[in-house]
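Two complexes come next, and they have one chain in common, subunit A, joined by subunit B in the first and subunit C in the second.
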Partner chain A sequence: MESLIFFKNFFKAFSKVRSLEEKMLRIGLVLATALILIAVLAPYIAPYNPIEMYIGAPYTPPCPQHLFGTDSMGRDVFSRVIYGTRSALMVAVISAAFAFAIGIPLGLISGYVGGVFDRVVTLIMDALYAFPSLVMALAIAVALNPGGSASVFSIILNTAIAISVVYIPSYFRVIRATTLSVKENLYVEAAKAIGAPPFKIVLKYIAPNAVNPAIPIICMNFADAILTAAGLSFLGIGLPPFYPDWGVDVSKGWKDIPNGVWWTSFFPGLMIFLATLAFMLISDALVEYLNPRKERLRP
Partner chain B sequence: MVLILLTLVFFILRILPGDPVRVAVGPKLPPEYVKKICHELGLDKPIMVQYFDYLWSLLHGDFGKSLITRRSFANELIDRFKASVELAIASIIVAIPLGLFIGDVSAKYEGSPLAHLARLFTVATYSIPVFWLGIIFQVVFGIWLGILPITGGPPPMVKYSVRAITGFTTLDCLLNGDFIGFAECIRHLILPAVTLGVVISGIIGKVSRNALVEVMHLDYVTAAKARGLPEKIIHDKYIFRNALIPIITIIGLQLALLLGGAILTETTFDYPGLGTYLKDAVLSRDYTVVQAAVTLYAIMVAVISFIVDIIYAFLDPRIRY
Partner chain C sequence: MTLLEVKNLKVEFVTVSGSVKAIDGVSFTVNRGEVVGVVGESGSGKTTLGLAILKILPLNGRIVSGEIIFDGRDLVKLSEEDMTKVRGKEISMIFQDPMTSLNPTMRIVDHVAEALIVHYRLSKEEARSKAIEALTAVGIPENRVLDYPHQLSGGMRQRVMIAISYALKPKLLIADEPTTALDVIVQDQILDLLKELRNRQKTSILFITHDLSVVADIADRVIIMYAGKIMEIGSVEQIYYSTLHPYTQGLLKSIPKIGSNSDLYTIPGNPPDMLNPPPGCRFHPRCPFAEEKCRKENPPLVEVSEGHYVACWRCVK
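What follows is the complex of A and B.
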């Protein structure tokens, strides 16, 4: 039932009444859709090959031929920024999928089973949660990427895994907490009474009523994944320097700053910001929607 | 808590693939030599023995030897840590007033454009890549306006000329009466501190808004309003004081994070803190240094949550330990 109410509220965002949340949701959705389109249609939008060198003179400031200028190798920054959307979204999708697929079942089982298993898993998750996420992602990413001749896709995959490890506890905590309250419901007891196996109870009776709070977390996971992946490539872990990626480009462009060349780092950074902002806006608005207290507070 | 973190780090670093000694000494060394180094560092013992050796030496305040230089690095670590503490304090000084102001505005004028602006600010600061914000500040204040230096951290000339009393360069300058050096240190601190402060103020703003809004709708606040108490007293004594607990919690958490080293900000500003040290150690797979840095972090978290717990008792007389 809760998901019905959720979807009703979700579509209310497109009706006439507009609160701040609704505006935030709209802007976020528009930005996110635009990003996905850019990623899919990158070859048609980008005017040049993102890795071809000396398309223009090195360090050409933004001009009509090169909207965002060119970098130290004469590559078109605009084309690189467009292609960079692909790796960013790829990391986000893969890491969210991993964290979702592990965090949610773990939370459900831990909350339902309880006992020693629950205690141990919660303890590990709390420790993971308290750990500074970037350091954790950094350590795992370095360990998974031994350097050398790894393919670009495997590097992206490894980065995504590193980020998902950091995010599993967020799903786990929320899902475990709702599972604990959902399993007290009468219908769960009824299901137990008619002899439904535990597996079925968790899957059919608890899961549909407990996963709602995970929805804003997915969006936040997306946003954080983009930000963390950019941070990792900024620190020089992961993607090779020629590959069009926002974090990589910022870290390279950052070295041009003392020479007064700002466009090689500004535009990729702006894209990181906008991409993260898109999913943060959606997440923030959804949190308010799903907040049951909010209905009471509203006049 | 500290023990769990340490154990986790120890095993994660060892279970993950990659031979640390091979990386440290280079791939071309003959295997006998690698074995010798392993033996020297005690890495050829069973993993459980290594684990207890590690805990035992930690209890003696011994962080072990760096895998790369094979020397003790405790002094370097403490030095970096002190630099990070300076940065952490400076940025929290920026973050707290800004964050509280943002939270207060968005709670007090709920529904007005001003509050919406404050809300958007919190979302934006969360989404902004901190290294990019730092770069923008560097470009604007360091290069275009030319009023602030683009690197952070005390300039080496000041750092090595001033007589060390506490090891905190900024404080040492002040204690030695070297006001030019002090001003120079502060000038180098401003950009990284503001960068970090702005990012953190968003989180503080968000939490304080939620806390204030929650308290604002409680019955005793309505009652106080009905009794005709002045707005300021209601706000300061009735609302703010009762909303302080989650706010203090988030500030404590953020401070602990900062003390553990703000890797991205420190990298952007070439700041010689724990963050850059940790980054270099992770990149070169110097496991013992990573462990030591994480240990320091875990202790910081424990100490700060202890202090926060004490502050709780001061704020809320109902809390007794």
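What follows is the complex of A and C.
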């Protein structure tokens, strides 16, 4: 009974949503939460071992035993898709953390210090930014991955680093731009006037007022990281073929489509789509939500 | 007795259309425990003077020449590292706009505590308790110290700025139009607070304003600035009752008086374009007494009676 009331309120909360942004935010948050839950609870959700072969007959179409069917080696697609959430989210989180940890301090320092240092760093960042992200990530991933017997986690880490390098300029540019405007504020001058050293001014007076615009970028970074990671796996850079990963599965499965076997590539592809959509929706909604000029969205 | 001696200070800003001499050869002194008012209209270089003393000029500004001797040291020659030790601890500054001079993401107690941590290396708890002491001393109730700046009124925020100076006990406080953005009641309270600060801690105050009535209330001596130059220096009495410079006379005449029906007096003309300041006396295009000499030669600042300096050819014998 209580859970019924919970669900009722849950849906009521949805029907009350007025603006488009808020709808986007809520849908995105629900999808993202679901993905995180799936990743954490994968062993409990997945009915079979994702790498065990010949659990069912190869190319079994979706049926009650195999919800998403089985692939060419009789592995359960549903279980693989569930486990695939893990590597996707890991790459997203690690790459966002790296890009955040490097891009934001660089943007703050570059914007605050200015001068030659700023010019040089901006030039490097613009050069990075000019590369198509997949090509860039591809090059770095190939360079980083030793090939052969590397552990799965180190491959995931390398993929994440490759993607984070691509994303550092996005953080850098936004933070540098806001730093340039924040540092003109009187309270920064006042902080100088009380003798605060530069690192303290950046850390306590500029950073808290400048990092807001980076928050939507984190989500965008998440979405892009999932997509790029899938792209890298699809191209065969990174995770080994047995490993449950959406990109790997799509790259193995799409060749089956002409034979009428659509489910081996469709479901992992759908997950890539949903995961990317979830974080994109959150990102887009946050851009609107954190926009100080749009008062109507404030709760 | 002299705390601050500024000698022939020149500050210029580099702009796209040329260099602007915002301060052009300014000399004056501030004694210990003295309140010196700096009066002038917008663009006369008052604020630049304050920023130059602390050496926190904007990037395109620089001190061209001159000396700023503070407590026996020339600040112009001091390294940036030594300068950060002077800022706040020995010379502090409060700004015109209290609405934007506090960091919106920091609690007000931390504004004061941060200054104490920077200069005295106190622990966070010690700094906070001292900060609360300073805040209550300037009239901020203890239950408000954890508020964020947006929760306070303009007057309260200016009190927070003063509390920083109260806690750091600087020898000199540069107050850059601290009451301009406040209504008259609050203005009066802030002035009382500054006077108390001076009396208790013997802080000298360089009080920058364009409000002559505020200066009369708080200052011991007054410096009248116009277009980057000092026009007149004197005690409040000398400036108000034996005014010598035509510019000062103009300023005093343009104070509105209750009960008078005549139109408000204004000094004719506009402040000069600082990219191309007029030759000779900077004030001559607007001066009712301008002579040929005023147009060609710049009058020196001369002492006409004890402590009363004027830069006007009419006063040079």
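Just so we're on the same page, the second predicted complex is superposed on the first by the 274 of 299 C-alpha atoms of A that agree within 3 Å, B and C clash if a C-alpha of one lies under 4 Å from a C-alpha of the other, contacts with A are read in each partner's own complex, and residues count from 1 in each chain.
We adopt the following convention: a contact is a pair of C-beta atoms (placed from the backbone, for glycine too) under 8 Å apart; a residue touches a chain by one contact, two chains touch by 3 or more.
The structure presented is a predicted model; accordingly, all values stated were derived computationally and were not measured.
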| item | value |
| --- | --- |
| Clash or fit, subunit B versus subunit C on superposed subunit A | fit |
| Which superposed partner A:140 touches (first subunit B, second subunit C, both, neither) | first |
| Which of subunit B and subunit C A:280 touches, first, second, both or neither | first |
| Comparing the two partners subunit B and subunit C, which touches a greater set of residues in subunit A | B |
| Which of subunit B and subunit C A:87 touches, first, second, both or neither | neither |
| Subunit B versus subunit C as contact partner of A:130, first or second or both or neither | first |
| Touching partner for A:196 - first (subunit B), second (subunit C), both, neither | second |
| Contacts of A:272 with subunit B and subunit C, given as first, second, both or neither | first |
| Partner chain(s) touched by A:178 [first = subunit B, second = subunit C, both, neither] | neither |
| Which of subunit B and subunit C A:209 touches, first, second, both or neither | second |
| Minimum distance between Cα atoms of subunit B and subunit C in the superposition (Å) | 20 |
| Subunit A-facing residues of subunit C, complex | 54, 56, 59, 84-89, 92-95, 97, 100-106, 114-115, 118-119, 161, 164, 168 |
| Subunit B-facing residues of subunit A, complex | 20, 24, 123-124, 126-128, 130-132, 134-135, 138-140, 142-144, 146, 223, 227, 230-231, 234-237, 250, 254, 257-258, 260, 262, 265-266, 269-270, 272-273, 276-277, 280-281, 284, 297 |
| Footprint of subunit C on subunit A - complex, ascending | 114, 185-187, 189-197, 200, 204-205, 208-209 |
| Subunit B to subunit A touching residues, read off their complex | 1, 4-5, 8, 12-13, 16-18, 116, 119-120, 123-124, 126-132, 135-136, 138-139, 143, 150, 213, 217, 257, 260, 263-264, 267-268, 278-279, 282-283, 285, 290, 294, 297, 301 |
